[in-house]
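Sending over a structure as structure tokens; questions will come in a sec.
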Amino acid sequence: MNGKTIVIGVIGSDVHAVGNKIIDYALTNAGFNVVNVGVLSTQEDFINAAVETNADCILISSLYGHGELDCQGIREKCDEAGLKDILLYIGGNIVVGKQDFKDVEERFKKLGFNRVYPPGVKIEAGIEDLKKDLEIKQ
Amino acid sequence: MELVNKKLTMDEFLETREEVLKTWKTGEQVRDLESNLKYAISVPRTKNFALKLKKAKNNLTTLTQPRAGVALVREHIDLLKFLSEEGEADLLPTTIDSYTRQNRYENCSLGIEESRRAGRSMLNGFPVVNHGVAGARKVQESLDKPVQARHGTPDARLMSEIIHASGWTSNEGGGISYNIPYSKDVPLDKTIKDWQYVDRLAAYYEENGVPINREPFGPLTGTLVPPSMSNAVAIIEALLAAEQGVVHITVGYGQCGNQLQDIAAIKALEQQTDYYLKEYGYDKRIITTVFHQWMGGFPKDEAKAYAAISNATVTAALARVTKIIVKTPHEAFGIPTKEANANGLKCTKMVLNLLSDQKVYMSKKLKEQIKVIKEETNCILNTVFEVGKGDLAKGVVEAFKRGILDIPFAPSRHTANKILPARDSYGAVRYLDVGNVPLTDELKNYNRYMLEKRSITQKRPVDFQMTVDDIFAISEGRLVGNHKE
Amino acid sequence: MELVNKKLTMDEFLETREEVLKTWKTGEQVRDLESNLKYAISVPRTKNFALKLKKAKNNLTTLTQPRAGVALVREHIDLLKFLSEEGEADLLPTTIDSYTRQNRYENCSLGIEESRRAGRSMLNGFPVVNHGVAGARKVQESLDKPVQARHGTPDARLMSEIIHASGWTSNEGGGISYNIPYSKDVPLDKTIKDWQYVDRLAAYYEENGVPINREPFGPLTGTLVPPSMSNAVAIIEALLAAEQGVVHITVGYGQCGNQLQDIAAIKALEQQTDYYLKEYGYDKRIITTVFHQWMGGFPKDEAKAYAAISNATVTAALARVTKIIVKTPHEAFGIPTKEANANGLKCTKMVLNLLSDQKVYMSKKLKEQIKVIKEETNCILNTVFEVGKGDLAKGVVEAFKRGILDIPFAPSRHTANKILPARDSYGAVRYLDVGNVPLTDELKNYNRYMLEKRSITQKRPVDFQMTVDDIFAISEGRLVGNHKE
Amino acid sequence: MNGKTIVIGVIGSDVHAVGNKIIDYALTNAGFNVVNVGVLSTQEDFINAAVETNADCILISSLYGHGELDCQGIREKCDEAGLKDILLYIGGNIVVGKQDFKDVEERFKKLGFNRVYPPGVKIEAGIEDLKKDLEIKQ
């Protein structure tokens, strides 16, 4: 255990459960305390779980293409809930279709995400970044 | 109303209907069943989905169908026309967006507006309920091939009313297959009831002269579902539909990846669906089959995606399925462009054509695999009937509670989530952990034995890591996962 | 010197060698056999073509190999590196340009200059003789995988001297397979003698510690060649090579399109090559197989080309061949870009990976097809030996004269051009007209019977129009041609 | 028989024989008098045959990619041989690789060809054009 708590889940009307289960398994194995709000989760589901568990990061998956619609205003809501500067990660297939990833990344950074991942990135990459961002010693 | 597997009376149906039509404003447009029917009858027979499938079955040909749907009517029509002409698709879909699937029609309105503004579809499908009969009829009238709704909607009653009233002659889904893989907390008795309604509606059209095709969603989570489990579900949904009076049923199967097992699974599915329907007294049903190209994680490289698409098609062609659902070279990234979608279709059609006069021939191994799948399926189905005390609908609910029916990697709370699948050394999907699935000891041992063989060649234990590796295997360019590589 | 099938003495070999080295100025560079050998021995074993094939055979894996060659050395190296890295090719080729194939080295010089000027390759391959040992060694040294020369050169003696002296450890071709499909009027006794020289040269290296792989060109004209005819030629060339002392032989087959027939043909080829080699006293030969993806006219649409590529690969994988020669999505247009070439490779590799743990299982039909092909091949081979009065080389010349060996659609005057092939209703290639090919009546009737079945389903006579339709069928998107469609 | 003579063949070091046989078969069936110089034919082979038979068209196939090199100066040689204004057609895979056909056509027109065909065009298209260019009544 590394003492860090991560809230994970799949946002919006999205039911893609496989990656979520894998992420749960991988983060737990990597020593994180994982709070999994599961699929079909609203922004509030993520934020409430993060507040309750005093989480270090909200790690969102979005696979089905509505990610951009589903994430509108999430940074502001985090702020309102007192989650000042909480890390926000997102990955999966976060937009509709095959788009230029540079653009996509920018759009999500504007929404307040700290890290944005392209399709099919393995969760191991996210774990590396978490360790950096949360200053976890190997 | 208690859940029982019994054909809804017209009164029961109409009573429920009142509520259904109120769930969104476009419901009002389809209130008049008579005139819906009249419209549906007026649609040319060449555009009838059920009849086109029946003909394909008789001619032993395999029809292609893409997935496709965008937010706006005109754009959606253009898309389907392109897939029909450039992509040579035989059957047309309309993939419904994910908000509609969750009955969040308000969100759809927003998505439609945003799409208009952005000049590109912000929805991952066609919000048919919001577009109502006018939109749905326009789609159907603009095309010269049969159209089906493909979705993943636990409660698809209003949607079904709208599509059939618009001359769409096929509807995908079922009380299990559009619940467990597509929702988190919708009770099974609710979805089974809701799909009894959908089936009853289809049967109403059928009985009044408009053949309607119904297609249980075969692949479920698309992720290492053992063939006997998905076959059991498909057969159950066929029986439930038949009870409501549905005549044209397409049972489905998602490619697992071992050609022999996949062909065996299709043969078993065909034969056992026929058998159980007859056994339970449903005569004169017209059963066709659908094969889904690999439904799990896809390779990102387009050339490799073409390989996955073609390889799946070879299996479908050799097994002589009636229909194949086509993936695209963009699968790993997102909703495909219309060009990528047409390319998937053309590639598939070409493989089908190259193999149209060929089929698989029986070997000892194939016979063996058919037998294994059939026996496993029988174990499951017999226990479902048992725990339902003879009532199939009740049996399903009870069976999921007890883990007799159990679907791996599903989002739903209502599956026991106890079974674990993994590939054997040939890539066939086996039960690594059977959970509470009531297989005989012999069958359990067989599954175990096949996995032990892999454990020896790969020098690793039979454990969850195998399953995890297998989930990534195809997207990483092989069939059987190997962590150590 | 009279043509006989007998190992050349070192003296005979060296005598001929004098003339060979004089045919172009770069010949002088390879005069010193000893030092050539020394160089070849110094090449790392991991880059040995023969050894890599042997290992693949033992591991039951299938290796991929593209076709590729451009005019200039640096560009050629870049191309091969790209195919090796991006395309994941297991074995590397060097396709030789068509002027070199006709020994028109002057034209090559011009082509090289023009290419330098134009900044793009004006030659359809790598003019290895013009580039000489320096160029050929540079190619080999810049790569970390085995390299083979692939050409179509009736007289490849100088080329073979240069490539082996440069550490290239495999050479494609043969006295029949690089004559009849590749020239108009070169006498067979001439090419057989010239290829005895090439084989003797390979054996010299082999005997002195450098395993060399030789590969008769299986597909011949790539156009509806009945399997028994191409198998007969492959076996003959294997026997001729073995007589000269060649140890590592890869027998080849070009996809015809009916999966069952293709798999049967490969099985028959493997087994009969082994059988005849043993029968004629050639022990300890290491026989591997190569499968060529569809060698006839390709579809222009790239998605369809991927389908043809993948579908062929499925057959190769199920038949477990040692090597597969890969086509590209640009096939119908022209020499592929390096990206298109890599895409063909990646697509092929993916299908192979998806099927690497699978194979075909014996069925009654498969057994039957193997038997038919073997019997036909035996008829041909026995008669060849007969007319050669026991001498295989003489037999070949005589057999072509009489039409016992006969290759359809060949440019050469030295094939009788009497047989006509066509597909049966399953797409298998049969003899429509056997010409003078000495099949038994039973086999003739079988061929005829299978075609009559097609004639009934397609309601048309068994005639040349069938053949013509079949030539276009695959490029037009089906396997069995149908004029009336 | 329509009374018109066409010289066909495959130019240069090119051995692709299949199309040539098909063209022979198709032109003959269409009523032309066909003189087939076969594969591996030089410019001279074509021109000599045309002179000898007083041909109306030289229909060249080139499949293997060296078409551009092989056809240099052919129109001039025709002129020299007295074949003033003889129709010159070419088709097959006439250049190396997948190139923009507009460019290719232009280059071959400059070489003096009357008609230039892209890969995989069926000979029937050529027959149509022959009928037009030679004013053959259907």
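Here are some notes:
Letters A, B, C and D mark the chains in the order given here, with residues in each chain numbered from 1 onward.
Methods note: contacts are C-beta pairs under 8 Å (C-beta built on N, C-alpha and C of every residue); 3 or more make two chains touch, one makes a residue touch a chain.
The structure presented is a predicted model; accordingly, all values stated were derived computationally and were not measured.
Contact with chain B and chain C alike is made by no chain in this entry. Distance between chain centres (mean CA atoms), chain A to chain C: 55 Å.
Distance between chain A and chain D, defined via averaged C-alpha coordinates, is recorded as 65 Å. Averaging Cα coordinates per chain places chain A and chain B 30 Å apart. Looking at chain B, no residue sits in touch with two or more other chains.
In summary, the structure contains touching chain pairs A-B, B-C, C-D. Within the complex, the chain B residues that touch chain C are 257-260, 299, 301-304, 306-311, 313-314, 318, 342-351, 353-358, 361-366, 425-427, 474, 477-480. Put simply, chain A touches chain B in their complex at residues 12-18, 20-22, 25, 38-40, 64-66, 68-69, 93, 95-99, 119-120, 122. Across the interface of their complex, chain A is touched by residues 98-99, 101-102, 104, 107, 110-111, 114, 120-124, 152, 181-184, 221, 223, 296-297, 300, 330, 332-337, 340, 409-411, 464, 468, 471-472, 475 of chain B.
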